[in-house]
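You will see two complexes here that share chain A, one where it goes with chain B and one where it goes with chain C.
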Partner chain A sequence: MNLFQLALRNISRNAFRSWTIFLCAFYISGFALAMMLIVHGAEQSLDLANQRLGADILVVPNGSEQKVETSLLMGNPTNVWMPREVVEKIARLPEVESISPQLYLATLTNAACCSVSNMFVIAFDPQTDFTITPWLEQRLGRALNPGEAIGGMYVFTPPGEEGIKIYGTFVRLMGNLEPTGTGLDRALFISFDTAYDIARNSRTRAVEPLQIPDNSISAALIRVRRGNAAQIVSMKIEQQIPEVTAIDSPELFLSYRNQINGLAEIVWMVLAIALVLSIAIVDLIFTMAVNARRREIAVLRALGSTRRSIFFSLLAEANLLAFGGGMAGLALSALAVYLFRNLLVSSLQMPFLLPSLPELVFVLAIGILVVLAAVSISVLPPALAASRREPALAMRE
Partner chain B sequence: MLISLKDVVKIYAPAKEQPVRAINGLSLEVPRGDFVAILGRSGAGKTTLLNLMAGLTRPTSGEVLVESANLWSLGDREQSRLRNRKIGFVFQFPSLLPSLTALENVALPNTFGKRLAGDEARVRAGQLLEMVGLTDKRNAFPRHLSAGQQQRVVVARALMNQPDILLADEATSNLDEQTEQEIMTLFQQIHAETGVTIVMVVHSSYLVRYATRSIQMANGKILSGD
Partner chain C sequence: MKAAGVLMIALAIAVAVVSLVFNCQAEGRSLALANGTTVPMKCFWSAMAEIAVAVPLLGVGGMLALSQGRETQRTLAVTGGILGAFTMLIPTVLIGVCANPDHDCNRIMLPTTLMAGTLIIAVSLITLFISEGRTEASAA
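Right, the complex of A and B next:
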């Protein structure tokens, strides 16, 4: 029998005390991890979406900014158009380094001519594009040929098919982009030429033709020259071309960021309150347990246990329970977030990306340390008092 | 001298209560090998005297010496080691750890002193249980033992580290007459076989016959002693 085994025996003996500490650690760690994963996953997702666009400014038709942001983040296709001449007008601005137009298209719902219902399709101009083309050059070593496409992380060719059918035309999937946790993961990227080919073919091959208004685009991505503030260039664009809205990069997905920040504030507040309450509960329960065991502790002192070993064995008991509860809470929470990630995205209407394994391990380690620290703080006063109490007095009480 | 108390005063001063002078300028010497019975009415200071001898309470003034070492000049670690190695304690109240078996309870003092390896400690604890007649109860938990059996286990535990001193505080007060006699005979047998010094608080004068020397206490002082 050693002190560790003695602590384990005491844990199994006092079921109420043990379960209370275990459950406090379980709930706090589980709740903290789930919330941290959701908030962090959403923030990371927004950052990656921003990086994926790779633009300093996104120009969209007036009044459509919310629709476009939602499309990009949640993958719901949108149909917005503005005159193509907007591109030429913006390109003339001296602050603009490059501009690339995009078309936002959607496949039909439940139609035999489309492999995937209501899929978000983004057509880009290979001549000017600076977001997809660098990736293609790096991975494919060339630009996309007509009839080829690349997809977001979760886009795949249906089994047994030669490609993804869009309005009756097959496009070959040449690769997948890294995940962002946003709607971009379920979007298909094709060149302008492919988009116009599909639109032309759709008149004879699809139940409904793909409509791309003449001389129109859905959005334009802009890079500003070094030394120019994107915010000022955005304002200049809106002044010169009143029919468009220019969203500079930090402002992009701002409503989502605000929503996430709001959620994070509430989460941290609730977590802080829960933590303080848990510390108080564990302190109370432990104080009661130590009081009930004061004679037993006095006996241990009489048998030769030092104050230090009494203190550390009480601390060990609490920390063993906290470690068990904390690990169980963290594991269950991580599993729940992983299993229900799609439900989270649809119910919270927020993008979400799971953390990488090293990030998850780091967060788990921090989580367990916080739980152990909280429980140690809770049991410190009763453990100190018990170890310092004079044995003879404890026996008399 | 194995135990010396020199002009010891112990005052309990609980918060919001009148201070109580439990030991009032008491001096006592217990030579090695003695079997001392301490008698006295309730509140005479008997238990406090025993606690002072074991270093379980700090004297308000005076000195408590065990083998010439002043208990209260030692640090907590040294004092605990001395208690673990030199003193065995039998309490008045049930003092077995409920989560441990009889054998584990007996071996418990070795957990703090680590004089014996795990297996050796178990063998020694088994021998002690045999000595107190509880070999068949080695794996029983305290709740499955009678009061007399529990007290026998406590006696065995007190002897685990082969102490020089055995302090017993009304060890038989909660037992029936027959069990009381058995336990007292056990103490007598242990004293005769091991030569351990025993200081025992007793609740009745008829128990004095088991000891080699008796002390009568009242009001925190020794009234008489042979």
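Right, the complex of A and C next:
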């Protein structure tokens, strides 16, 4: 019988001990992976949303910062307006390289004239846009024509329809952007011309007309010239145009970032406590097991087993259980996070993006190593004590 | 096998209850036709089919928990595995659920049935593996 077989036999002989260690490893690895995926997924999603906007500064009407941030992150449509002349005023600033206005619109709720209920629609100006247009030129090789649209990852044309119906007007979906895990994945991007066409047509084709106030925009995206700090430029904008709020890129989604950081701190604390408790439980169980098996270990030593083989057989036993429990916990946790990602996003009110496969494999490997290390640490003292015990003394005890 | 049987019963109940509660029809959503009548969305039919799978699964779990014979356990494990596969196939391939990712059938019913189906298959495979091993051991 080799070391591995001895460990397997010991595992099958004591169900309570084996299950306890298995479940400790299962819980620690599963909980750690789930939390890591959620926190990391939310952070990654925020970074991607920032990249997708591609602006150094976002200018919105005063008091609507939270509404706009929530719309961009969670995809809940918003209705905010500011005068269009703001764009000209900001464009005159020497620090501003480019500025592009946007209109934030929404489809009607449960109306036959809209394919999708309460969908966030972003209209951009193709003449000045620097967020969607470069992507379009790369993929389509041209700008969007009137009546065409680009969707986020989850936007699709309803089966059997010629396009997505918005206020009674069909728009053709020309492609989908890469996922960001935010509300932008459920948003539809159209040009200003298409938006104004839809508004005009909606008076006769829709249950309610689409209202776009004259000479108004919802937000403006700004790129700052090299060598200028976005924070200083945004302060200058707010001083010169008091009716707007300028949010520089690092400050964008700050409340969400703080929320995620707060969650991460709590998660690491709970995880640390759970890890220490698990180490203590496994240590206690193995100490009891080694004491209960002292005669058996002494017999093994008397029959010629070395201290080293006794030590490694106990270590192998614990690590086999930890590996099994850890792998099961990681697999179940990864599957649960993957399957319930939409529920997580809506319940936590946080954006979320799953990691890529190599990233996931890396995290899984780290997870299993942490579990094996934790169990090895907890088994080390009783295994060392058992291997050092004199066989004659152990048999007499 | 008692644990495997109990686990299968719990999963079957979870599949049935979640399907019953989290389909669009149960939440008052239905498709309005041009003539004014309403028809259930396809997640409703998926939910009904899931319940139809969950009931025999409940029986399989119960018998697995009570059975002693290795042959019976093997047969029940295979049956459980097939039913587990159908639990996963109904909302994905055979019938499907609504396309809108914000609907509860997509957020709760679909992931729960997929998760439960995976676990049912895993439990069935482990049961099959253990009963196979015991059969070989007793034959030896």
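As a working rule, the second predicted complex is superposed on the first by the 397 of 397 C-alpha atoms of A that agree within 3 Å, B and C clash if a C-alpha of one lies under 4 Å from a C-alpha of the other, contacts with A are read in each partner's own complex, and residues count from 1 in each chain.
As a working rule, a residue touches a chain if its C-beta (ideal position, glycine included) is under 8 Å from a C-beta of that chain, and two chains touch if they have at least 3 such contacts.
None of the values given here were measured: they were computed from a predicted structure.
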Next on the checklist: After the overlay on chain A, what do you see for chain B versus chain C, clash or fit?
Outcome noted: fit
Checklist entry - Touching A:Gln259 in the superposition: chain B (first), chain C (second), both, neither? => result neither
Item to check | Which of chain B and chain C A:Ser98 touches, first, second, both or neither | outcome: neither
Item to check | Which partner, chain B or chain C, touches more chain A residues | outcome: B
Next on the checklist: Just checking: does A:Phe156 make contact with chain B only, chain C only, both, or neither of them? Give me first, second, both or neither.
Outcome noted: second
Checklist entry - After the superposition on chain A, what angle is formed at the C-alpha centre of chain A by the C-alpha centres of chain B and chain C, rounded to the nearest 10 degrees? => result 70
Next on the checklist: Which partner chains sit in contact with A:Glu390 here, chain B, chain C, both or neither? Use first/second/both/neither.
Outcome noted: first
Next on the checklist: A:Leu6 in the overlay: touching chain B, chain C, both, or neither? Say first, second, both or neither.
Outcome noted: first
Checklist entry - Which partner does A:Val299 reach: the first (chain B), the second (chain C), both, or neither? => result first
Item to check | Overlay on chain A, chain C to chain B nearest C-alpha distance, Å | outcome: 9
Checklist entry - Do chain B and chain C touch any of the same residues on chain A, and if so, which? => result none
Checklist outcome for this item: Interface with chain C, chain A side, in the complex: residues 112, 116, 154, 156, 158, 186, 335-336, 339-340, 342-343, 346
Item to check | Residues of chain B touching chain A in the complex | outcome: 12, 47-48, 51, 54, 56-58, 76-77, 80-81, 83-85, 89, 91, 93, 95, 97-100, 104, 107-109, 111-113, 157, 161
Checklist entry - Contact residues on chain A for chain B in the complex? => result 1-3, 6, 9-10, 12-13, 295-296, 298-309, 390-393, 395
Next on the checklist: Using the touch definition from the top, list the residues of chain C that touch chain A in their complex.
Outcome noted: 32, 99-102, 106-108, 110-111, 114-115, 118
